[in-house]
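Got a structure here, written out as structure tokens. Questions coming.
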Amino acid sequence: MRKSLLLVVALSLLLGVMPAAAQTKIDVPVWIAFTDAIRLGWAQDRAAEFNAMHPEYNVTVQGYANYEELFAATALAAEQGSLPAVVQYFEVATQNARDSGYFKSIADALAGRTEVLGHEVNLDDFIAPVSAYYTLDGKFTSMPWNTSSAIWFSNMNYLNAAGVEIPSTWAEVEAACEAIMALENAPEYCFTFPNHGWFFEQWIAQQNGVYANNDNGRSARATEVLLGGEAGVALLNWLDDMAAKGYLYYSGAQGGASWGTVDQAFQSQQVAMAAYSSSDTAVYTQTGIDNGFEVVASFLPYNQETGWTGNLIGGASLWLVDGLAPEVEDGALGYLLYITNAENAASWHQVTGYIAIRQSAIDLLTEQGWYDENPNFRVASDQLSQSTVTVATSGAILGGFPSIRNVVTQAVDTVLLTDQPAEAVLANAIASANAILTEYNLLYAE
Amino acid sequence: MQFLVIGMIAVVGAAYLARRFSQSGLKPAFGAVVGAVVGMIGSAALMIPLDWCTFDPDRTATDMGFGILLMAATAALALGATGWIAGNLAARRTVFSGGTQPGTFKGWLTPWILLAPTIGVLALFLYYPSLDTFRLSTLLALLGAPRTRFICVDNFTRLATDTVYLNSVATTILISIAIVVISLVLSLFIASMVYLPIKGASVYRTLLIWPYAISPAVAGVIFLLLFNPTGGIINYALNNLFGLRIPWLNDPAWAPWAVIIASVWKSLGYNILFYLAGLQNVPKDLIEAAAIDGANALQRFRQVVLPMLSPITFFLVITNMTYAFFETFGTIDYLTGGGPLNSTTTMMYNIFLVGIRNNDLGKAAAQSIVLFVLVIGFTVLQFRTAGQRVTYGA
Amino acid sequence: MASIAQESALERVKVNPAASLLPKRWYAHLTLWIACFLIGFPLFYSILVSTQTNSDVFAYRFEPGTAFANNWNTVMVFGNLGNFMLNSVIVSVAVTVGKVVLSLLAGLAFVYFRFPGKWLVFGFVLVTLMMPTEILIIALFRFVNQLGWGNTYLALIVPFIASATGAFLFRQHFANIPAELSEAAQLDGATPIQFLIRVLIPISWNTIGALTVIQFVYAWNMYLWPALIIQGQASQVVQVGLRTLMGADQGISFGPLMLAAVVASLPPLVVFLLLQKQFMSGFALSRDK
């Protein structure tokens, strides 16, 4: 019996080391936060092409369910020393990326090279708002890939029937809703948005509201969270009002996973309008074609009291893990450069709706007449290029931001689902967020 | 201050053990000495690793009170154990050696070898991490951060004002009581039907108990489909039958019920199975008579069958409670992600949100310890209250 | 499964009594029909949806769809389900075998030996019944990583191969076996291990079967721990792997998700149904006497 026990132990030992063994190619694992066929599939197809071009490499792309899960997974993997070569980090993790030491800046890794494995570098080709956003401490830090903005989708069947224009301000949203909900075959609700902290950030940036002190954490490490102050209260009050009037459909906030319910509501015409990421412009447009309604994208409606300053860049970028073997690092860089070359940047934009990040890609698309034929796809880049660059619209960089974002999501939940006044809810959220930030700075700041 | 507390605990310990010793027929004076020593050691057991930090001058009164509570608790534990061991020793029971089973093998080394793997694995993977959890709970520690900071018992005392945490305690209580009550009542009812001498009982049995093998995670996935706000078949049915549309996953009042229904569905099979096994110990005609309609039969069921099932019920309450505390995690993670508005964030799920999603190891460790104490306290309470009323034998 | 179908066919023939319109104890049949329907419906509907597209689901099309092949492809290629299933099988079998073996050895030591400190060891094992791994998960994560076992099967297997439940189950079972058996074995000069293999195990199959079911289902259903300790899909188990089909964005595709959920449930269901009798009697035995 003891022998068989030994056998079991030996067997499990053998199995334990198995995945590490039996590899001859250079593995380049890439972790991204997409699991859908369109985006994960696209990245995997590019990996297959890259591997075919460079037979010595084996780039594998693994999908996680969302940014929040991937962020947690990265911290866990770092703890066990099993980080992949490339991780897709969302924008709120920037401070953590900077402090954790997990990553190496793209500029450092390139070390002035103009090509890696035959793939051209040309960082100057990235459009201005993009290269500004991903340049940190004067260095090109992470590779932009899926850059988006929050935009507005309208089901024109409802809007036309109600005889209203696409709204561009909060007041116009309300007026449009009044007309739409008075329709004979009105939808269940007028509009919805994924209750994800990102939309709060977008809506306060529009009002030129600042998220954190020290110029949103850009002139020095942020030490205090402001959550837009008045702008935050105004937003919460508006949302609360829209929910109370039965216009806003609260679609739930399942962790970071509240996006799907909005897709479903818009697709099944439960709502007439939705705020969403431009990342899904292709899906939303196609949804309308499949289900017999016209979908038009527009700028995210803003608070008419404060006017529109601009919107934030959103989405995530691809970070290169530090301490890789040189050949692995080159493989990772090569793959990053390959998927962001002009042709692929254009294709990525076309299959998703993320903005085309290279001037050469935009030129290519313009030449093909893409934007003229598909006006929905130009909304996000127009919204970003027309934005005034201020501290607020540059977006915040602060420690513990992923946790703080959860606090904000919670605050929006509280306003929508309870009777608590917006001022008090926001004050509580600021207190909780500050506690998180203080603890973070205590452990990370020099 | 701390010396005053130790002194008081030593006096109480001396008095307590003196009484216990004299009850067991030992010398009270000896008990008083042992009690004083054990009381002192016991009260210092947690304070020495904490370096008496709760008594630091810059600490709040809450911290100090919490520290005194800790000292009292550890001392009580040590004193209770000592009293019990002494009582057993005095009664000349062979506490430190095996039973008197005939037919035992010789040799003292062989049993240790046989037990070594079990002891080793439990020590390394249960006991050691428990100790490390205690250590972590005194730290401000973020996963991946370059340093940690000792913050005494702050992780514990701050829980008292943490609304999200307090909310998770209430949620845990609601979800676990609902699961236990609903699942046990339903399964007893169904089991007593299957146990009737009816045709096809074994087929029914198989068709009823299989969800035991389904995982809590898959149960979450399945009910995500059924409760989905768009295209959920349950609302479709409710709407067609009664004109109802329930916001299962979007309303903090309903979401816990979505979790409860999914969990009851998953745990019903297990409970039916055990009630069936329990009913085997009850004479058939009793059940048959009891299952026939009529107040009299119901009474008989209550007075005759139910008491005979009480050991099983007792066992099932504990396992279902454990299920509700811990295993619902997978269901919640797939079904609601703890929301909306934390309405389905149980204590266990909160540990995950705080420790893993927010990287805050220290706070999560403190919450783990509170949950641990709660589970032990609950189990002991169950043994003390229900245990006395449970009818053994049959 | 075949035998169950046959049995039910037989039962159906017998149930129809010519004497009365309603079968005997019709109320029990009615209750049980309803109960079986309510319990069976969620899985049945999941199987149905696994052949459908999202449009079918949202339109409440209550009939098999045409997307099965498509869903299967999605599940296997994007979902990586084959790999996850294999990992789950390896881990669950290893944990189950390990637990049964270690529990048998512990039960043997507890019942057939007298040794100093037995009481302490007993208490040491007993207390772990109240220590769910979930509570220690963060410290366990750190410790297992220090051992360098992160991302390996070892992390999923070794911490779980000791079982207090199993040790006590066998202890109770062995304690009910007449002492004459071990006395006779000792007269024959058998070592404890020989006694275990030749005498105890052959009369313990019900208990072993019961423990196998519990532990296999337990190991197969592990969720939080693998989600923490396994980062990277190569060694991930299927319960966590399902998350790859739960994309946050672009809505959930229910067809592939349900297909994967159903497939992920098959092995524990099969083990459970195969060992159902042992499971029932293994527990009945341990309590009866």
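Labels A, B and C are assigned to the chains in the order they are written; within every chain, residues are numbered from 1.
Methods note: contacts are C-beta pairs under 8 Å (C-beta built on N, C-alpha and C of every residue); 3 or more make two chains touch, one makes a residue touch a chain.
The structure presented is a predicted model; accordingly, all values stated were derived computationally and were not measured.
Chain-to-chain contact here is organised exhaustively, every possible pair of chains being in touch. Among the pairs A-B and A-C, the greater number of C-beta contacts is found at A-C. Centroids of subunit B and subunit C (each the mean of its C-alpha atoms) stand 21 Å apart. Subunit C has its Cα centroid 39 Å from the Cα centroid of subunit A. Counting only residues that touch two or more partner chains, subunit C has 58, 102, 105, 142, 158, 228, 243, 246, 252.
Residues of subunit A found to touch two or more other chains are 2, 5, 76, 79, 256-257, 261, 264, 267-268. Residue positions of subunit B touching 2 or more other chains: 117, 228, 230-231, 356.
Subunit B makes touch with subunit C in their complex at residues 95-105, 107-108, 110-112, 114-115, 117-122, 124-133, 136, 189-190, 193-194, 196, 198-200, 202-204, 206-218, 221-226, 228, 230-231, 233, 236, 265, 268-269, 273-274, 276-277, 280-281, 291, 293, 311, 322, 325-327, 329-330, 333-334, 348, 351-352, 355-356, 361, 364-365, 368-369, 371-372, 375-376, 379. By the touch criterion stated above, subunit C contacts subunit B in their complex at residues 4, 7-8, 11-12, 14-15, 23-25, 27-29, 31-32, 35-36, 39-40, 42-43, 45-46, 49, 54, 57-60, 102-103, 105-106, 108-121, 124-125, 128, 130-140, 142-144, 158-164, 167, 175, 179-183, 186, 192, 195, 217, 220-221, 223-224, 228, 239-240, 242-243, 246, 252, 254, 257-258, 261, 264-265, 268-269, 271-273, 276, 279-280, 283-284, 287-288. Every residue of subunit A that touches subunit B in the complex is listed here, in rising order: 2, 5, 68, 72, 75-76, 78-79, 96, 100-102, 250-257, 261, 264-265, 267-268, 270, 400, 402-403, 406, 410, 413-414, 417-418, 436, 439-440, 442-444. Of all residues in subunit A, those touching subunit C in their complex are 1-2, 4-5, 8, 11-13, 15-19, 29, 33-41, 62-66, 69, 73, 76-77, 79-82, 84, 256-261, 263-264, 267-268, 277, 279-280, 283, 290.
Residues 113, 117, 140-149, 164, 228-231, 249-252, 336-342, 353, 356-360 of subunit B are the ones that touch subunit A when the two sit in their complex.
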